[in-house]
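To keep things simple, chains are lettered A, B, C, D and E as they appear, and every chain counts its residues starting from 1.
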Amino acid sequence: MPTPLLRVRDLRTSFGSGDRRSEVVKGVSFDLNKGEVLGLIGESGSGKTVTGLSVLQLLPDNAHVEAAELTYNGRSLAEVGAKDMQRLRGADLAMIFQDPVGSFNPAKTIGWHIVKALGRHSVGPSGDLKPGDLKAVAAELLKQVNIREPERTMASYPHQLSGGMLQRVLIAMVFGLNPKLVIADEPTTNLDNLVERQILELIRSQQRQHDTGVLFVTHDLTVARHLCDRVAVMYSGRIVEIGPTERILERPAHPYTAGLLATARSLEKRDAALYEIKGEPGATSWAKRCAFSARCPQVTDRCTAAEPTERTVEAGHSVRCFNHAA
Amino acid sequence: MLHNAINAMPVGASPLIRIRDAVLEFKIGKAWGAKRDLRVLDEISLDVNEGEIIALLGESGSGKTTLGKAMLGLHPLTSGSIKVAPPKAAAPRRQDAHDLQMVFQDPLSSFNPRFTVGSSIALPLRLHLKLSEEAIVERLAELLGRVGLNAGFAHRYPHEMSGGQLQRAAIARALALSPRLIVADEAVSKLDVSVRAQILNLIKSLNRSEKIAFVFITHDLGVAQFLADRVAVMYFGRIVELGPVDQVMDSPRHPYTAMLMNARKGQAPVAEEAKRSAKGCNFANRCPRALGKCHDVRPEVTAFGDDHEFRCFNPV
Amino acid sequence: MAFALLRHAVMRSAGVMILALMGAAVVFFAMRAAPGDPALTALGEGASTETIAAFRARWNLDEPLIVQFGLWVANALRGDFGQSLSIASGTDVYTLLADRLPNTLFIGVYAIILAVLISLVAGTAAALNRGGIIDTVATSIAAAGISMPDFWIGYVLIYAFALGLGWFPAYGFISPVESLGGSLLSGFLPALAIAAPMAASFTRILRSALIDNAHRDHVRVARSLGHGPSFIFLHHVLRNALIPFVTVIGLQVRYLLGGTVVIERIFGINGVGSLMIDAAFGRDYPIIQACALTFLLIVLLVNIVVDLICTMLNPRMR
Amino acid sequence: MIPVLKRLAANKTALTGAIISVLVAFAVIFGPMISPYDGDAMDVMAMLAPPSLAHPFGTDTMGRDVLTRVLYGARLSLLISISGVGIAAVLGSMIGLFIAYRPGFVSNVLMKASDLLFSFPSFVLALFLMVVLGYGVFNVALAIALIYLPIFVRLARNLAQLIVMEPWVQAAKLFGQPTHSILLRELLPNAVSPLLVQATIGVAFGIVIEAGVSFLGLGVQPPAPSLGLVMSDGREYFNTAPWVLTMTGLAISIALLGLNLLGDGLRDLTDPKLKERLS
Amino acid sequence: MNPITFNRRQALSLVAAAATLPMSFRAQAQSTTSQSSASLLRAAITGYTVINTFDPAKVTQLPESYVVWAVFNALVKFNQKMEIVPDLAESYSFIDPTTLEFKLRKGVKFHDGSELTSDDVKFSLERVLDEKTASPNRAKLSSIKTIETPDAHTVRIITHAPFAPLLTYLANTRTGTQIVPRKAVERLGDKFDFHPVGTGAYVLKEWKTGSGVKLEAFPDYFDGAPAFQTVSMPLIGEESSGLTALQGGQIDLTSTAPFASIPNLVKDPKIKVYKQTGLNVRYIGLNGRKAPFDDPHFRRALAMAFDRQAMVRSVVFGEGSPATGLLPPAIAKPGQPVPPSLTFNPAAAKAELAKAKYPADTEIKLLIWGPTWWRKIGEFFVIQVNQVLGTKIQIEAGESNAVFSRLRSGDYQAAVWGWLGFIDADEYLGDLLGKDGSRNFHGYNNPTFEALLEKGRSEVDPVVRRDVYHEAELLMLEDMPLIPCFNSNVHNLSIPALKGFTQLPYSNYGDQFAKLQLG
């Protein structure tokens, strides 16, 4: 197997200090290969967003990130200095955020944002760019994300554009920098159905065009179905199941994944009543128990006595559940 | 103050709410700047029948929430009418009590954070029913029970409850005065996936068992399909298609509905910004089937069968 | 954009004029309701009835109130605010104001500039050094600054920097018309006394606006794109923090101008403020009216300017 | 209430402010009782005595104990400021909430009137009102109330405009809750902490206004003790007895510092964006 | 990492840059500020800010007369020993008890270049007497019957009866007897108020309300050109501010000094203190036409209810003496005991109040004004009287002009007031309390008192005259139309370099500018 683009082993991220310290990511491990889209799926409190931010070191000062291994292209991100990390960001690692409106400085034009980002990394089709060319490159990038009037768009201020439009600009900007890895943090959650579909399509096509590795963070299984090569399902700070998308959608190994799928299926099948997972999600402890045990329909005594370890279902598909025969 | 645009209908009329040519315009612009009217509701005509669930389906800015609130009298209409059928039997409460209620999108802000959930639910009871304190406590427990919460939740403050629990409590509050209709505005979109199913099931069972009509506002086709008897698809203030849910979903006539259905199946629509049109069909600039006149002439409502209608010159 | 700004300015001015007219009405009618007959104040109780009648006719005091108000406004528009009744009997109020307004404006502008400079530096330093020594020192001084009434600061400054160190004149003010350097020097302490509480509050607002803006999403996005800290600070944080900063400056101008009143008195500056104090003691109604109105107009004008700056800073307001 | 106290204790600013404020309040309430001197009692033999154990702040030109005068003065100043700001807070908040809840002609007029008051420089308004109303304790309080009224109107309106859109207010409307009940039950409790914070800071500012007006001789009239009057005296004989001005100035500053810190701390605890909402 | 975490050095350099800012600009500004130069005298009028006119005939406010004496001259003036010596007159003599003849100096020029003639003198004095002029001093000169001008440099003043204070009145600025040029006055009309034309050493160059006066040396001054080309006279409302300005080097001379600072200033080598017993009186003026002061019992009760000795200590820091009557000690009959009605006597005061027809808690407002020590008179009075008698006197503060106009119009109950610069006993008793006295704001009218005043005016023998006024004063104190408090010392402060200043007990300095120099 070649070196993965991103290798994460036992990532733990906590906030605060002392008594008030709370762990949000509780030991997450995964690999992301070049040109691959990995869906990171989970509900609120599962730690999926924090996982993404931990990789890019974009968390606030009170956050504390530890990992047994956190490498980009074989290079340990933990050992990269602040200056180098700054250089890696944008050029190699980039991120698309959930709120397109907030992603732009309201006091600056769209064009300013793109030109400054391009100027920062001096990138473009020909490699080095003169400042004067940046505007043209920016316009070209906007065209690639199906923005019809790039000049007008560039002269606009963020509040003059819709969320979908802004997300498109952000995607153009991010992929225009040619990063190897993009973390997309619920980029479509705030968008309308049709726009969501367009944005997903856009990410997919840009990803293919640039052969970018994408970590796609979402709470929506159906979104993952159309976009991701593999999915990792998170629950309370850990990945409970990871594997190829089709495999997991067809034969989920974890009761939680199965429950989510059952609900989605019963919606599609127009059942009289929907399949329900009882209880509410949230950060629950994994100490000497399975965090999902309280909601699990298949719970056994073992689930509340010890922490389930990761088991391989088949090559590339593993699950954290006692009930699954190894 | 409420229902100033809503007149009582003659007794015996079948729909619960009858909306005719409802137009709602907001004035926008600064105090001294150029004002312009933004048409949020544009010639809406719709009946909501007793005991049915009707889904208002649409994207943000389509006017679905405004329409829901207008039904409740929270927004006065610019023109047109919304009429509410008078209650069939004299209900055991004061005359001005409102039997149209609402459940909101954000469960946390549905309750005044300074008071316990119980006291917020009890407020309409105290306001409109002359009940003893014991009776109120009893009624509170009963209401909470109906939405699957135990009576202990009455003493909790909103921030001490989870989203799902709060949404149940919000439904309990809406039920307090035995309403005939509840407008549920994106009532599950802020909830976690695994909790959504619980609330949707609850709403459906309340509708089936207690014959409470729901106007369910959503942008999620799946939810609409599961819950609704009928669906009204809205686009920039207009209802572009209205009909029984299966019929609309399985064989949409309006290109917009069709596009929504396709998107759900994974087919990306044409990338074009949604735009409001001054004269023609609002959807014309995104519509793959648009004709010349679509840009200039506003399509009128076309009936298709008894209960299916749409606004399109060139339907699918 | 220039046109839009101009139109915006015109629209704002129209609103301000209505407010100014309302203000004039309030000032006028309140003054009429105040105890004491202007005629008697001016002429004394012993004055003959003919003298009083002549005085009343001269100042339109025998017209109905609303007519008096109209005439007063009409005269005021022509710069005629009447004549002083007691403290400088017979002098045109306009002359008094024209003499003193430049001094007040000079000190006011001087104070604003000082306050803005101090707070820009202190606020930025504090935010950059959040939680550090500079931050603690700056915020503590700011808290102390807000807690000192300006007249008290005035004395501290006089005793420390004028009488103690001898760096600045202790009393009196050289008008900018006479000598700009002299006015800058003699105006420094009074301007600083007025500026100190303002600077303190500006510092705190700038500090918190900087910190607040540093946590905005677009800052995180900029970081994710690899922009460096100085770029982000300049273009994303400071740039955006200027909007609340300028807004607050606009709001605080009323306190600042209030401060000039007492400070003018303490430092012996012949400004509109000290004129108003003298007039208040002397119950010199025409002067009080004119001073109050002048101050109102200054605040309204400053508000227009602040509003325009905000509009330029914040594209969303255009 | 307990969690609030706990958070208060954790916030150094608020805690310092609270401690100073409590000490000042204690001194002002009980000080005059404990003090062996009468605020008015003259002792011409002991005039302008420097600070000593018997007279920690020294004595003034009439041989009155300056500390006792300051305590009485602070009591009066506080009373004036609190009543002024109190009136402004209650009235202003109600007007502000109403404006936010019921936009329309009446609200527009109220808002314009409030804006007008807000456009007068604070001290100019105070001076103007002192002339119109006449000098004296009650009128100073009234002037402070009028100066502070528009601030509360604006703040309450801005706060309520955010709350009015909240679903729970809409729900209340749907249940036919009467306007006064919506203002008092749904809006006020959720706007009250910023308003209280503003009131705390307002009391500090009210003291400044009172002291300033009285300092000029247009406010509280002698022989009633007022911080401004004591300072005005102290200024006159600063060369001979610098302690009168210095001690009184320091006393004022400490009291204001306490209130300001408390206000700031409370603001941080309740609403870090309060300042912006004022605009 | 926080994007706004800069390193400490960057933050420090910002702070340092800010700190040096005011200093760097100060260096720039200083080069442009002019320091006090030898040709400029800065003589501040402290404690007052109001000037209503510079017309000698109309002057009432103290600051006005400071300027008037620099711009005008009278026929005679006081020398340093308070003796009357010729000024515009070369000599004078009584031709008979009712005729006073002046020989005028020749070649005296007015500021407008015209020459002084006897006609100008006649015009000036008749102008004061003219009712249309509304001079506050008309009554003082009412004894004048006619003024004759036998030639251009001779003036004869003929009185109805022998008039004792005539020379004094002709010398004192506060009588408005300075000589003005007829032509200029007639030409300027009302404008003369602020465009005075005199014979004085200085010409008024500029006047700004509330701000001050600028004088320019008059090169043709008959007594020789003055040393200072320019005199600026800023008006400084507070005496302590005047001191601050003097200490800060912004002025050279003050017209008054804060009493509280005198003990310290005397020891200060950087300040020169001039001090003298003053010709003045501070009193509580009562309005005898209004309740409760239309009741003499009430008035007497108040007069005995406070300790004047303590008031002097407290209010003027011992720089004065308790009043023994209305007349300052310098002109009163010496060696007289303090009358009981001016002695602090709580028991007698209460007994007197008991006889009054008004209750103790009658509402009384006492007007106060001016610099702190003036206010303190009122404050001290109110505190002690209220304590002793249980009265409810309240204080109302005003500005001097406003209080004065209320006094004049009778719109008051009680007011702290006083006069400085009155030199003749008739000015005190006659002007303040005589029924035609132009400063009788008290409604006092006692025929016996009037008769005594009349007698005093025409009595030429100074000793007899003094006894007459003593008798009148004792009579007045029985009625107590006003409550005398104390007489205060007068002070001037200057920088030590100022030479040639002589302080006079009426504390005027306008006529001294010509003699001053910096050495």
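Note that in this section a residue touches a chain if its C-beta (ideal position, glycine included) is under 8 Å from a C-beta of that chain, and two chains touch if they have at least 3 such contacts.
The structure displayed is predicted, hence computed values, not measured ones.
Undergrad: By the touch rule set out at the top, what is the minimum number of steps from chain B to chain E?
TA: 2
Undergrad: Looking at chain pairs B-D and D-E, which one is connected by more C-beta pairs in contact?
TA: D-E
Undergrad: From the C-alpha centres, identify the chain that is farthest from chain A.
TA: It is E whose centre lies farthest from that of chain A.
Undergrad: Farthest chain from chain B, going by the mean of C-alpha atoms per chain?
TA: E
Undergrad: Whole-Å distance, chain C centre to chain D centre, using C-alpha means?
TA: 21
Undergrad: Could you tell me the distance, in whole angstrom, between the mean C-alpha positions of chain A and chain C?
TA: That gives a centre separation of 53 Å.
Undergrad: Mind pulling the chain E residues that touch 2 or more other chains?
TA: Only 1-2, 397 qualify.
Undergrad: Residues of chain C that contact two or more other chains, please.
TA: Correct list: 222-223, 236, 265, 281, 283.
Undergrad: Would you mind writing out the residues of chain B in touch with chain A in their complex?
TA: Listed in rising order, the residues of chain B that touch chain A are 59-60, 162-165, 192-198, 200-201, 204-205, 219-223, 225-226, 259-260, 263-264, 266-269, 271, 273-274.
Undergrad: Can you check the complex and tell me which residues of chain C touch chain D?
TA: 19, 22-23, 26-27, 30-31, 33-35, 143-144, 146-152, 155-156, 159, 204-205, 208-209, 212, 244, 247-248, 251, 253-262, 265, 273, 276-277, 280-281, 283, 288, 291-292, 295-296, 298-300, 303
Undergrad: Please name which positions on chain D make contact with chain B in the complex.
TA: Interface residues on the chain D side: 166-168, 170-177, 185-186, 189-190.
Undergrad: Considering the complex alone, what residue numbers of chain D touch chain E?
TA: Per the stated touch rule, the residues are 40, 42, 44, 47-48, 61-63, 135, 217-218, 221-223, 232-233, 235-241.
Undergrad: Any idea which chain D residues touch chain C in the complex?
TA: For this pair, the touching residues of chain D are 13, 112-113, 115-116, 118-128, 130-134, 204, 207-208, 211-212, 215-218, 231, 235, 238, 245, 249, 252-254, 256-257, 260-261, 264, 272-273, 275-276, 278-279.
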